[in-house]
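There are structures below to look over.
In the two complexes below, chain A is the common chain; its partner is chain B in one and chain C in the other.
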Partner chain A sequence: MTKTLFEKIWDSHVVLDEGNGRSLLYVDRHLVHEVTSPQAFDGLRIAKRKVRRTDLTFATMDHNVPTNNRSLPLVDQTSAMQIKTLERNCKDFGIELFDIDSPDQGIVHVIGPELGITLPGTTIVCGDSHTSTHGAFGALAFGIGTSDVEHVLATQCIWLEKPKTFEIRVEGKRKNPHAVTAKDIILSIIRKIGTAGGTGAAFEYRGEAISELSMEQRMTICNMSIEGGARAGLVAPDKKTFDYLRGRRYVPKNYDALVEYWQENLKTDSNVQFDKSFTLHADTIAPQVSWGTNPAMTVDVTGKVPFPEEYAQGSIEEEKAASKALQYMGLKPGTSITDIDLDRVFIGSCTNSRLEDLTEAARVVKGKKVSSKVRAMIVPGSQHVKRQAEELGLDRVFKDAGFEWRESGCSMCLGMNPDILSAGERCASTSNRNFEGRQGSGGRTHLVSPVMAAAAAIRGHFVDVRDLDLN
Partner chain B sequence: MKGSVIKYERDNIDTDVILPGPYLKIHDYAELATHAMEGIDKDFHKKVKPGDFIVTGRNFGCGSSREHAPIALSYSGVKAVLAISFARIFYRNAVDGAFLLPIEIEENTYKDISEGDQLEIDTSKNEIRNITKSKTYNMRPFPELIGKIIAAGGLFNYKP
Partner chain C sequence: MEPFTKIKSIVTPLDKVNVDTDQIIPKQFLKLIQKTGFGQYLFYDWRYEKDGTPRKDFVLNESRYKDSKILLTRNNFGCGSSREHAAWALLDFGFRAIISTSFADIFYNNCFKNGILAIKVSEETLQKLFENTSEIEIDLEKQIISNDGTITSFEIEPHWKKILLEGLDDIAVTLQYNDEISKYENKQRNSKIRVS
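Presenting the complex of A and B:
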């Protein structure tokens, strides 16, 4: 019987099959952070349970950490408490922790791959919906809530109902790969299938335009699978995957033998039938800008803010949603996207904070100045990314232009730390969610790629980066 | 299970409006509850009564994996959310800790139920009775695993 990559990984991790796809699955890697774990550890203590596989469990602090001066004590006492709680829990239960002062600290979905914790063919869970990021390595990776975090800590297993298989093909080549990025591919996909298009399914991204992406770009795509409703999204591993991971700290010693096994086993069989399929042609994709309050409310940079009835295409609910979104965003229908002025620019988050994101943004920024109307910040995804960028002199490029250069963390993606928008502020953001209040109560988020964000910082409004010389 | 309806006529109510990010640092569930739905309805915690049901559109609970979202609703007194569809992580989180019942309904049912209606839900018959309007609707049966976790009273009581 032919199988998809997802089904092969699923089948090889089933501990108990209760029928109808209801299975107890083994978990190979469990990543833990400060926000969704405290109640799980409390639960273990109450039930007098231990962590079953401390060697497969890794923790860091990313959501709450301030990204400015780390030598000062935390001002926010509730954040300080959550961070301290994770330190105590890791110590009590014997879990390896990359703490706020660690040279390995960073956003959990940036450091997993960077340290070689993420491996092809594994199952990976974390109390964070963007765990889908790790699917870029051909892993089955998905976000879970705190009860499941506790269950995995205690048993190293998770109960799941088997998702449907959903193929997303991106055919052809992008016309201008420095201007049309992985972020524009995934925003285009979500725009077409909708925020619930993948509900109950696991995506597999395939096609020439996916194969030609670097590992960091594939991570950007898989990261936003959850924004299309799918808990997981995978890319079959290839030479780029194996080369990326080789020599990283937590990669097993028998690496070459593993590569041989992965090459043979971790691919979707030919002539396999997916439950669903969607195809997009890469050469039709333009740089994307979100205008509304969910990631499907997105248009080409050459487009205009839509009229609600035009966006809704006959659906009364959609029309109401678009009207509400425009009101929240303070936008008039018919406005050209390139006429939208920005107050803030945020380059960071688990979607777009890796070295390549910063290198690409720096192409736009080099020798220029941030608009006097804009406050712009760069938040590297990890301490490793920050050091690498500094070795390349990228920090100088950004600082000379007037960007703030920060310490690693989730920062302004989610309004949980000091980096937030004020009510009414408009931000070009490389993060993943433009929900109401996501970046701070009343804040207005436009999701874009790092190059689009960088160009917006310089000009003070959105520009079509295909018109810039990026080569 | 009987209660009255608080209705939100919209799709895609995300976890960031059900429980905004800044409150994820709160450890006390009763305190979390005072911020439930704050992102779209600042008066929610004043109007919600124990036993109430939320009725809403598609893709309820999309976004983050924060279990704080169903916890905040549950500790506000909400016993069930009736939606045309749910995002999957929220759906699972709602039943793992036996916080509330996520009940999928047909679009016509969603349209028919009004704010303030009294409902009686019988999950054993997959039936929703609208006492105010003297009507009965079907609910979509729970998928097998979700149904079994609910029947057990949460994930930690579930035995295969």
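Presenting the complex of A and C:
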């Protein structure tokens, strides 16, 4: 019987099959952070349970951490408490922690691959919906709630309904790969299939335009699977994947044997039938800008803010939602995207804070100045990314242009630390969610790629980066 | 977990599509390290003015829904962040059941893990419920919703039904399969392609 990549990983992790579509799956890697774990550890204590596999469990703190001077004590006492709680829980239960002072600290979905914790063919869970990021390595990776965090800590397993298989094909080549990025590919997909398009399914991204992406770009795509409604999104591993991971700290000693096995087995069989399929042609994709309050409310940079009825295509509920979104965003239908002025620019988050994101943004910024109307910041995804960028002199490029250069963390993607928008402030952001209040109560988020954000910082409004000389 | 058998309550209609968990419980309230006390922050930005007074135009603030245990809402409820704080906030506020046409996957799980019954109904049934938001009864054992003499049946995964009806501890259930888990681990331990 032919199988998809997803089905192969699923089948090799079944501990128990209930026979009704629901199975108990073994979890190979469990990543833990400070926000969604305290109640799980408490539950273990109350029931006098231990962590079953401390050797497969890794923790860091990323959501709450300040990104300015780390030598100062935390001002926010509730954040400080959550961070201290994770330290104590990791100590009490014997879990390896990359703490706030660790040279390995960073956003959990940036450090997993960086340290070689993420591996092809594995199952990876974390109490965070963007765990789908790790699917870029051909892993079955998905976010879980806190009750399931506790369940995995105690049993190293998780109960799952088998998702449907959903093929996303991106054919052909992008016309200008420095201007049209992985972020634009995934926003285009979400825009077409909708934010619930992948509910109950696992995506597999395929096609020439996916194969030609670097590992970091594939991570950007898989990261936003959840914004398309799918808990997981995978790319079949290839030479790029194996080369990326080779030599990283937590990669197993039997790496060569693993690569041999992965090369042979981790791919979707030919002539396989997916439950659903969607195809996009890469040469039709333009740089994307979101205008509304969910990631499907997105248009081409050359487009205009739509009229609610035009966006809704006959759905009364969607029309109401679009009207409310326009009101929240302070936008008039018919406005050209390039006429939208910005107050803030944020380059960071588990979607777009890796070295390549910063290198690409720096090409736009080099030798220029941030608009006097804009406050712009760069938040590297991890301490590793920060150090590598500094070795390349990228920090100087950004600082000379007037960007703030910060410490690593989730930062203004969700504003749990002091990095937030004020009410009414408009931000070009490389993050993944433009929900109401996401970056600060009343804040207005436009999702874009790192090059689009960088160009917007310089000009003070959105520009079509295809018009810039990026080569 | 408190078992769920039958509930009878007026329905709170939240007439919105794609309600995300950032709206259900905004980030500034995710810093608490317990599971209780989140109800006061439920739908915070929609429920309160900037000065903290309740907004008159938000449905949860209408006095007739004060004791409602059932939330009625539209397509793709609970999308976005995996934060279980969203389910804790709904439960703490008093909701034991949510009716919609669809739920986001992670949120759906989180509901059942906390004893909240998430019911998926057809577009047509949902519309009828929105048109008549009087008192309804949900009977989990029989899998029916009774609304003003109209009876609608609903589907639910058998394991979630069992967990809710009996108020079971999910982890204790899994640990009954400890032998199977150990067997899987032993097989891995001896494998040349071991990763766990």
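Following the convention adopted for this analysis, the second predicted complex is superposed on the first by the 471 of 471 C-alpha atoms of A that agree within 3 Å, B and C clash if a C-alpha of one lies under 4 Å from a C-alpha of the other, contacts with A are read in each partner's own complex, and residues count from 1 in each chain.
Here is the rule we use: a contact is a pair of C-beta atoms (placed from the backbone, for glycine too) under 8 Å apart; a residue touches a chain by one contact, two chains touch by 3 or more.
This is a predicted model, so every value here is computed, not measured.
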Combined model on chain A: chain C and chain B, fit or clash: clash
Dominant contact partner of chain A by residue count, chain C or chain B: C
First, second, both or neither for A:Asp101, with chain B first and chain C second: neither
Which of chain B and chain C A:Gly415 touches, first, second, both or neither: both
Touching partner for A:Thr122 - first (chain B), second (chain C), both, neither: second
First, second, both or neither for A:Gly229, with chain B first and chain C second: both
Touched partner set for A:Leu56, first chain B, second chain C, both or neither: second
Which superposed partner A:Asp469 touches (first chain B, second chain C, both, neither): neither
First, second, both or neither for A:Glu264, with chain B first and chain C second: neither
Partner chain in contact with A:Pro252 - chain B first, chain C second, else both or neither: second
Residues of chain A that lie at the interface with chain B and also at the interface with chain C: 16, 18, 20, 22, 24, 35-36, 38-39, 47, 63-64, 76, 78-79, 81-82, 127-129, 143-148, 150-151, 159, 161, 195-196, 199-200, 226, 229, 231, 294, 317-318, 320-321, 414-416, 433, 435-438, 441
Residues of chain A defined as touching chain C within the complex: 15-16, 18, 20, 22, 24, 26, 28-29, 35-36, 38-39, 42, 47, 49, 53, 56, 63-64, 76, 78-79, 81-82, 85, 119, 121-122, 127-129, 143-148, 150-151, 154-157, 159, 161, 163, 195-196, 199-200, 226, 229, 231, 252, 254, 257-258, 261, 294, 315, 317-318, 320-321, 414-416, 423, 433, 435-438, 441
Residue ranges of chain C touching chain A (in the complex, touch as defined): 15-18, 20, 22-23, 26-28, 30-35, 45, 50, 74-76, 79-84, 87, 102, 104-107, 109-110, 113-114, 157-159, 169-171, 174-175, 177, 180-181, 184-185, 188, 192-196
Parts of chain A lying in touch with chain B, wherever the complex brings them together: 16, 18, 20, 22, 24, 35-36, 38-39, 43, 47, 63-64, 76, 78-79, 81-82, 127-129, 131, 143-148, 150-151, 159-161, 195-196, 199-200, 226, 229, 231, 294, 317-318, 320-321, 324, 414-416, 433, 435-438, 441
List of chain B residues in touch with chain A within their complex: 9-12, 14, 16-17, 20-22, 24-27, 39-40, 57-59, 62-68, 85, 87-89, 92-93, 96-97, 143-146, 148-149, 154-156, 158, 160
